[in-house]
Every structure is written in C-alpha cells, then in structure tokens.
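For reference, the structures are reproduced in the following blocks.
Across the two complexes that follow, subunit A remains constant while its partner is subunit B and subsequently subunit C.
On to the complex of A and B.
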C-alpha cells in the first residue's frame, strides 16, 4: 500500500511537471504570450488579441502535440532497444535506425529526382506525408532488420553496439554520397530536415503522426510482458515460453513505426531515446515495463517540451533546431547519470 | 510414486547445425527418463556435452536426431513446454535494475495473461517459491547486488514459481562456496522428495552428486553415456573406468578422487583395535599418500602402529630398528621425512 501511494505521488508530480512544461512551451516563442492568456485561450478559445489566439491554436498547440508524440515515441523506441539488446547505451540512433530513416527520406527528397517531383509530392499534401513517412519507416525497418540479423550471430552486447554504429556510419555515408551528387537546392531541403523541427507538422500530417505513434505505443504496451521476459536474456525468456524471434519482430515493428514516423516528420532527434529510459528507471526504481512504458512517455514528453521551450528562448526571432537542443541538454544528462550511478542499469 | 516418466527420450542425438553441417556433440544416447520425485545428476568432464544435452532436453536447442517427449507429448510449443520444464541457467542477470521480487514473479510468465497481471493464486505460488528457496530477506534487493550464492537461490525460486513438474539446473553449484553447495544440493534433494518434482542438474561436484543423486548420468568425452544409481556405477567400476581416461584416479573404497599418485616408498599401517583406530588410520593413510608413500598390507620393513593413549590416538614409528612415539600426524610425517634424509 505504501509503495502504491508513493508511486501515485510520483505520477502526480510528473503530470504536474508535464502540464507545466506544456504551458511553458505554449507561452514561449518569438511572440511571448503571458501564461494567463495561454490559459484563457485554452479554456475559452478566445483572447484579447486575435494574433495570440491564432498563434496558440494554429502553431503552438500543434507543435506541442508533436513534441508530446515525438517525446513518447523516441523514449519508448530507446527503452525497447535497451531491453532488446540488453545494453544501457542502445538507442535507435546508435543502432543506425535513425540513419536508416534519414536514408529513406533522402531517397525520396533527393532521388525523388527533380524539383518537379518534389513539388508534385508537396502538392499531394497528405499523400506526400505518407510517402515521406513510409520511406523513413522502410529505411528504419530495413536497417533494424539488418542489425537484428547480425545480432543473431553475435552474443555480446559491446560487439553488437559496434556493429550498429558501423551500420549507422555506412548508412550515413550512402546518404552523403547521394547528397554529393544532388543539386544544391535539394540538398538544402534535406539538410534543413536533418536539423529537426517540431513546427512543421500540422493538420493532416499531425493526424498521420498521431495515428502511427499511437499504433506504435499500443504495440509497445502490449509487448511489455515480452520485454520483461527479455530482461533475463534470451535463454530464460525462451524457457518461460517466449518465442524470441516473434517478440523481436514485434519490438522491431513497434520501434521502427515510432522512430521512423517521428524522423520522417520532425527529422532526426537525438539523445531522447537514450536518456529518458534511464530517467524513468531512476524515477520509479523498477524494471517492470508496464510501469516504465507510461513513465517514459510522460518523462519524454516533458523533456522534449522543455527542449522546445529552450529552443525558442528568450523571445528571440531565431529558433534553434530542436536536434541541437536535445543534444545539448541530453548529453550532459547522460554524463550526469553515468557519474551518479557509475554503471547504467540497462534493464 | 507415479512411475510414468515426465520426460522420455528416444534415440536422441545432440549437437549443433552450423552452415548446413552437423556438429555432433553426443552420439546416439540411450533412452533417458526423468521421473517425478527423483533427482538426477548429470556428470562429465568439460566439453563432454552436459550443457548441450540439458539445453536439448529443455527445448532451448533442437536435437540433431531422435525425439524428446515431455509429459507424453513431443513437439510441444514453447508456451506448453514452459509449463512443463523450468530452468536455472548459468547466464548472469547482472547489471539490472530488476529487484528480486519482480524477478521471481517473472516465473509466472507462462501462466499469466497478455499483460502479465498476477492473480491471487499466482501470488500464493510466488510466496511458496520464496519460502521454499528461503530468500525472504532478499526480496527488495537489486539483482546485481546479489552474491553468487544468493543469485543462485533467487533463480531457483524463480524456477519454482514457474511451477513445473520438471526442474533443470545447469551447473548450479559453480561459483558457490562449499557450505552453499551443500545447502543447495540438500534443498534440491528435499524439493524432489517433498514437491515430487523431477530434477535434473549438471554438476562437477562428484562427491556431492554421489550422496544426493537418485540417478547419475555420466557423460564422457569419448564413449557412451552411463546411467544408473550412483552406488551401482561405483560398484560396477564405471566411474573408475571413465575417469581413468582423464588420467585421474577414482578411489572406489573412499568415493573420492586421489590427487597423489602412488609413491614408491612402501610402509605398513597397523591398527590396534581401539575406538578411534579406524578413523585415525583413514586420515593417517591420507597424510602418507600426500607424502608419497604407498600403504602396503604386507610386511615391508617399516611400519606405523596406531594405538591409543588417554582417549587420543598415538603413532609409533617402527623403522630402522628404533620405535619412537608421536602424538600428532604432523610430528609423525616430520619424523618420516627426517628418516628419509638420513
């Protein structure tokens, strides 16, 4: 009873933090809107200033939603990778999954060929989003399947991690070759995409992103029992009746769906995938995925909302690319975790 | 006692398939059975395929030939198999944020539903497993802080919680200190008897296995698998023959391996009929063997007479004409070595 209560306390604290981060994100930006006005707009859908109403409803709310979705998706992707590979440093990026998604997007943007094609894609609107999402998902899934194929021959985690990094390098190199032979306009477009942005997603695209992320999260949550079993390693998992190959496939699908779609819409966003699962384990002091998955969602959302607020701070006209901010915030956080616990606890 | 076997093999062959080639670890094995309430020890030198056989029986790796019937059925799905066989492996679970109670609760995996939510019945079984393995005081600990002995008990509790008729353990006594090894073996023996489980464990602890096993399966690097009651295998000379190939001598009379080769110096040991005489003679013989003596039955000149004085053994060395008396093995050995120098 005692423990459930303290658990409840932690959840309440996290939700308050989440609401705080959400409001901060809605209020921060090129045009700084006071918190009271933000609340007023949220509850009454009206404001003294029509511009503020427009900004909050058409720009900031979609952006905050994107941040929440991406925060959830990337954190869960990281958690799944860390458990699957039993490696505290695993994250989609380290294993080349983000690079795979980038390759997919590059293929559409660069080899999608001429500007004309690109415009055609853009004209398609929703269809175009599906194309980019699909390409990113395919790229992510392709790399991940390849990594897993190799992982079957490798038993120890460090080797697997190095292999993942190498695959990541190869994928990035292929993407670079593509960039090298593409014309500058297309490359610029692609480069902007790699900086990452939460702002570009709205309307139909947001709906697409939400559907894929929710689907990925549902799969992740339903696979939490498998993830728990995998904590003991493949042999024990198998001895408890888990079909390891099927579990792997389900987890890959979930991670690729989550990371692929986020990378497609927001560009590669680093460090969330590695940092958040450790924060969640620290906060709830558990290895149970039924608790860790929702915890990662909440903490990931808070972190990405905060990063997004920092990217806008303080009221300047320029907005820092989100990928830069998450790295600047996430890297010290991982170092801090390493120093504090001396040994990251992977599961 | 139920006499239909929990597990039965037919013309089983173990090994690996690698790039289309079969790498045979064990030739065709005799029919192996695991029965309820029986403890079987799987013995054999390193590389004789103990782990491979265990993993094959547990369904972790496919057999090269033949079949394994569990609960009378072959080709069980992994889920069904998990309700028949639980395992304690040598895999380490270190570096984990997992605490002991969650780890043990994971044993309910094959019985719980989609999300792994536990029922009251599950919790009851978990409580019993924790009590049986005596890990009540470890529950809040993180798995990576456990010592080897504690970790082994925790993994045993997890396997008990899986609540299967068959329990298999791969070298559960490795890395344990002597008291822990003995306690674990005693516990497994009790579990077999009281919970009527069929237990198979691989081990290098031959002396413990001889004491605790209802049946021994002896694997060799070369040659067939021998099985039977440990005493029958000893009396039949199977142990001696098996280990002679490894250049190790098994002493049938004492049930232990002899480290020291037979020495060239012969000495006679004469025991007077006293209360502690036989015991003193046993340990004196050990000391003499260590010093390179062969204890001979026939008269060989030198002799040691073990007697008793005031309830304690005394040794009289009858060598080189003189007859001196010693009151400890140490003093006796020193005198013998001194004699040799002269």
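On to the complex of A and C.
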C-alpha cells in the first residue's frame, strides 16, 4: 500500500479493486462466458444463450452478492470482537456463536436420523435449505442469549472472552457427540456444510441475509464511537461517560446478528473475520472505527470475491470449498502484508 | 505352465485330489479379466472384489482390493463340519460353516442375507432404524436381533458376548482392519462387504455368493443369481438398443456442488444399460464426481429426465430446496423420478436393502421411465414419479 496516497486515493483504489474483484468473480466459473457477455447480461438481463443467462443471473450474481454480504459481515464481526476484547486474535466465532450455529445444523442433519425428528420436520413442511438455515439461526441465537445473560453478570471483558471460549468448547463437544453416533452419510453431509459455501443462497434467502447484514452493519456504524472509546480501555471508556455493559450488549448483539446469519446461510467461513481488520488498520493506518468499519466492508468483500474466484478453479469442473480457499490463500497474503508494512503491532 | 487354462485347471485339480497341492500358490482358479473359472464351483462372473476357491477339505474366500494398483487380499478359510482346518495356512481366520448367526452392519447386508435365505440368521444389526426385511423386523420385535452400533463405533463387548459366526462390515478393505481387531482377536471372523466398490450392478449383486458360501448354500444362491443375471441381461439388451437415448441428470446439487455418479460407477453402468444418455459416462472413477453446479447446469436445464433426486418427495419439496430448480426441463415436463416408492413407515428405504440384489428390477423401472411402451405396462417397483 502506497503510504503517500491520500485517504481519497486509497478509497478510490479500493473501490476499483472491488469492482475488479466483482467482475472477476462474475466471469469465473466452470462454464466459460466472455466478460462482454457477462456485462451484457448484467445491464440488459438478456443473452443469446439461455444457459449463460441462467448461469449468470441465477448462480453467479446471487453468489457474488452473498460473497459481498458475508465479506462485510464477517470482517465487521471480527473488528468488533477484536476491539471489544482488545485482542488481535479475537474473531467473530470467539463467543461461540459460530459453534452455536453449527450445533443447530448438527441437530437437524445428524439427529435427523431419529425418526421422530424427521417426521416433525416433514409435518412442518420445511424441507430443505430453510430448515438448516433456521436451525443454524436458532443455535446461534441460543448461544448468543446465553452469552448476553452472562455478560450482564461479568464486569470485565477478559473474563467474558474466556467464558465465550468455554461456551464454544461445550457447544463443539455436544456437536461432536452427535457426529460420533451418526451414520457416515449424515456426518459427511454435515462436514460438507462446515466447509462453507456461497453458492447455496438465492432468492428469498438472499433477501433475508441482506436485510440481516444491513441491520447488523447499521448497528456497527452507530456504535463506532463506543468502539473507539473501548479501544482505550474500559476504565478510560467509563471516565468518558460510556456505560461499558451497555456498549458490550450492543456490540455482541450486532456481531451475533452478522455472524449468526452468515454462518446459517453459508456455513462457518473462517479466516476473514480475524484477518480483514488487520488489513484495514494497515491500509488506513488508523484506529478510528468510522474509517475502519467501511474499510473492513470493502476489503472483506474484495477478499471473499477473490477467494470465490479462486475456488472456481478456472477451467475445472469442480469447485473448492470456500473455507479452504479463504485460509489457504488469505493467510499467506496477510503474513506477507504484515511483514511488508513492518508494523506487526496491530493496535 | 500350460497356456490352456482348462488344461492347467485339470492338472491343478488332479494335484489337489492326490493331496500334493502347493500351499504357497495363491490359487488354483484361473483368473482372466476378473473371472475365476473353476469347474463345479460358483463362477464369479461380474464381481471383481472377491473370489471363492474350493480346495482340498475347505474353501477359501479372498476379498480383494484392486484399488490404486494394489492387490491386498483378506483371506478366510471356510471349513465344513467334520473337516479339520488346514494346518498349512497359519494366521488365516477360519470360519466354521454353515454360519448359524451373523452380525451385519449395513442395510445392503440385510438385502444380501435375505436373498440368500439367511435373514433369520441375523442376530445383530448396526442400526435398527433402517430395516425393511419382515424377517429381520420380526427378529427385532421379538428381541432376537440386537443393535450393535454402526461401522466405526460398534459395541465390541456386545458383539463378543453374542459371539456370532461372522460379522459383516462395510469398511473398505483398503482401510486398516484395526478397528475390528478386538472382535477378530476374540475369534469372530470379520468379513468386509465391499460390494459398493464394484463397477457393475450385477457385480454388486454377485456378492450374495459370499453369503451363499458362508451358509453352505452356494448352489441355491448361484442358481438364484443366475436368474437375476438372465433377467438383467435381457433387459439391458432391450434398454441399450432403444431408439431414443433420453438425457438424464442424477441427484441434486447441494451448496454449489453437484455430486453425480462417475463414469465407472455401477450407477453409470445401469444408466447405459437402461438406454439413457448420461453426460458423465466417460469420466474416470467408481464413486461420485463433485462437480461445480455451473458445470452441470447447461446439461440440467435441457435434460429429459431427472432421477434419484434424494430426500424429497414432491415437486414442492424440490422448489423448497432451491427455487432455481424449477427452470429445469424435467421439472417443467413432470419427468422427475425418485427411488423412494418402497419407503416403509419407519423411513427405511428398501432400495438400499433389496435393491442391491434386484438390479433387474431397478433396470426395468428405469427402462419403463425412460422408454415408455418398450416393456409391458406394469407399475414401477422402486421408483415413483414426483408429483
């Protein structure tokens, strides 16, 4: 990142990168569609080839939208957790929300083997993806409520962090018990879910995801002043007139909303939440959340779009799970950037 | 060595007959292209994964694993009452036949046992949930059949206490047999059923011959298999010579990935025999291909039939899974079929149980679906149309 660039220059650069990543993602896939055709479909919603139209409109555009939403949400979730706990290693799943969502999904996929559950599911008429999504939301919300309940009794954030990790641990253990006693086919389906995927969200689901993410982002923006104050330490924040417990409540709510919904729709996507806040701080050299929050959104979106393009593995008939790509490609990138900026202290 | 297999065979049999067989020899049966031809023995025609060799005073079952250029073999010596186990084959598990009781871990094993007329010998099951066989269901009801836990987490103590004549697992023979060491150390022979690694439907069904050997009913089972084989081949001749080759897609994508049978899988073979045009019939591999959903879409949008859609029961269910599926031609023309006609009230699907040994019935269903009018009108057996 060029240090001489003005703030405006950096923003322009990032937005150009975002558009580039978006176009790359829209033109990458198993079926080769020329970029010009993609743009034509994008602007006129018509194409000479019906198949191309279907692929771009029904598969690639929803997937790219999901990537942008998930990129924003996970990065902001990570930023909030890192600031709240003043810990560079904190990530969106640190409070057990991701684990909670996984527990919900495991309950459906693995306990689905028990006939009573299967019948209940059929009676509800919820077949399919809504069921998994709903279960994940319930799981995430359950853990979140539990964390919130505890957070009212806990005064300092480090204790909260440890409690969050413990809850996460318990939730994972319960999920593991389920896995252990399930059929291999069911475990396989569950494992596939844990690999994460951006391709399963479309139509009504995408709308719900978008509404939830936007709500979470608005809360995050509104809380940027609180986040700035928290960064200086809880006592200092108190002296500035901030009710730390209330700020914590708001931040946890916002993160849960973001991470819970993304995990529900896309599965647990790792790495972005922890890495993007560091990249944003490095790029803008600031700790001001009113800059960091939009920066995280843009950088998170770019990264996830790029990872998704790589996952499509140009020319290949197969697709790599997104969770593998984010870590495999993203982690070396972050190491490289951190070494280059020679600023290993992220706060 | 004689180039004439028959000649060599006769010599071999003669050598055995006079009691001078060479024990170190891997087998007296001649293997050519996966076909063991031994006179007076069950001829293994289609399966690649096992062999049964008759030797002096005992039979030898070899479960082969030819995956990845390797040829590991698990051997079992089948000894009849009144015969003594050979002393020159140390370290090879001995199974005293006919096996009176057996523990089986998968639905397909129930299908094999039922076909061989040995369903009443099942005393242990991996999971009670997935049973269609009335005999086994009755056994569960009366408490004769115990639940021992599925592959990988079996209750070793329970199995050892039951001491069945044999335990049949689904574990890939490639995988170390370590997880069943406790059980085999206790003197219970553990036999893997690798029928799912076969590349043809008849090859899979032929695994009943292993059960036939275990219960000393090789002849009966062999004859029964022959009639299945004849029916299947007759149908395959009709199916593969059909004038039209309707295009099909298989299964349902999930989260952006579409798992579809690979070209060398038994499912791809079944589709070919049914006279279907399947876009991935030339691919390598015996399992499934994990395809990018985009790579399948061009085919899926235009395919005439959509088969084996999985855990859905209606067109509404399919749309609930993903509204985009409504754009497929098969969806618009009402040409979606699933193999869930024989699901019982407990949710167990007989397709996974008896379907294995009835490939001719599955093939007949497919031909009736893909080529209406070619076979005499009849109701479908395993398949049903999604409404």
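Convention: the second predicted complex is superposed on the first by the 264 of 347 C-alpha atoms of A that agree within 3 Å, B and C clash if a C-alpha of one lies under 4 Å from a C-alpha of the other, contacts with A are read in each partner's own complex, and residues count from 1 in each chain.
Definition applied: contacts are C-beta pairs under 8 Å (C-beta built on N, C-alpha and C of every residue); 3 or more make two chains touch, one makes a residue touch a chain.
Please read these numbers as outputs of a predicted model, since none were measured by experiment.
Undergrad: Regarding the shared-chain residue A:236, is it in contact with subunit B (first), subunit C (second), both, or neither?
TA: In the superposed model, A:236 contacts subunit B only, not subunit C.
Undergrad: Looking at the overlay, what does A:290 touch: subunit B (first), subunit C (second), both, or neither?
TA: So A:290 only meets subunit B here.
Undergrad: With the two complexes superposed on chain A, say which partner A:32 touches: subunit B (first), subunit C (second), both, or neither.
TA: neither
Undergrad: Between subunit C and subunit B, which one touches more residues of subunit A when both complexes sit on the common chain A?
TA: C
Undergrad: If you stack the two complexes on chain A, which partner ends up touching A:152: first (subunit B), second (subunit C), both, or neither?
TA: neither
Undergrad: In the superposed arrangement, does A:59 touch subunit B (first), subunit C (second), both or neither?
TA: second
Undergrad: Which residues would you name on subunit A as touching subunit B in one complex and subunit C in the other?
TA: The answer is that subunit A has no such residue.
Undergrad: Provide the residue numbers of subunit A that touch subunit C in the complex, in ascending order.
TA: Interface residues on the subunit A side: 29-31, 50-51, 54-55, 58-60, 63, 113-115, 118, 125-130, 180-181, 183-184, 189, 192-193, 197-200, 202-204, 267, 312, 316-319.
Undergrad: In their shared complex, at which residues does subunit C touch subunit A?
TA: 127, 129, 150-153, 254-257, 289-295, 297-298, 301, 311-312, 317, 320-324, 327, 346-347
Undergrad: State the interface residues of subunit B toward subunit A in the complex, per the touch definition above.
TA: 58-60, 77-83, 85-87, 89, 91, 93, 95-99, 102-103, 106-107, 109-110, 112, 114-116, 142, 144, 162
Undergrad: Sort out for me which residues of subunit A touch subunit B in the complex.
TA: Touching subunit B from subunit A are residues 88, 222, 224-225, 228-229, 231-233, 235-236, 238-243, 281, 285-288, 290, 343, 345-347.
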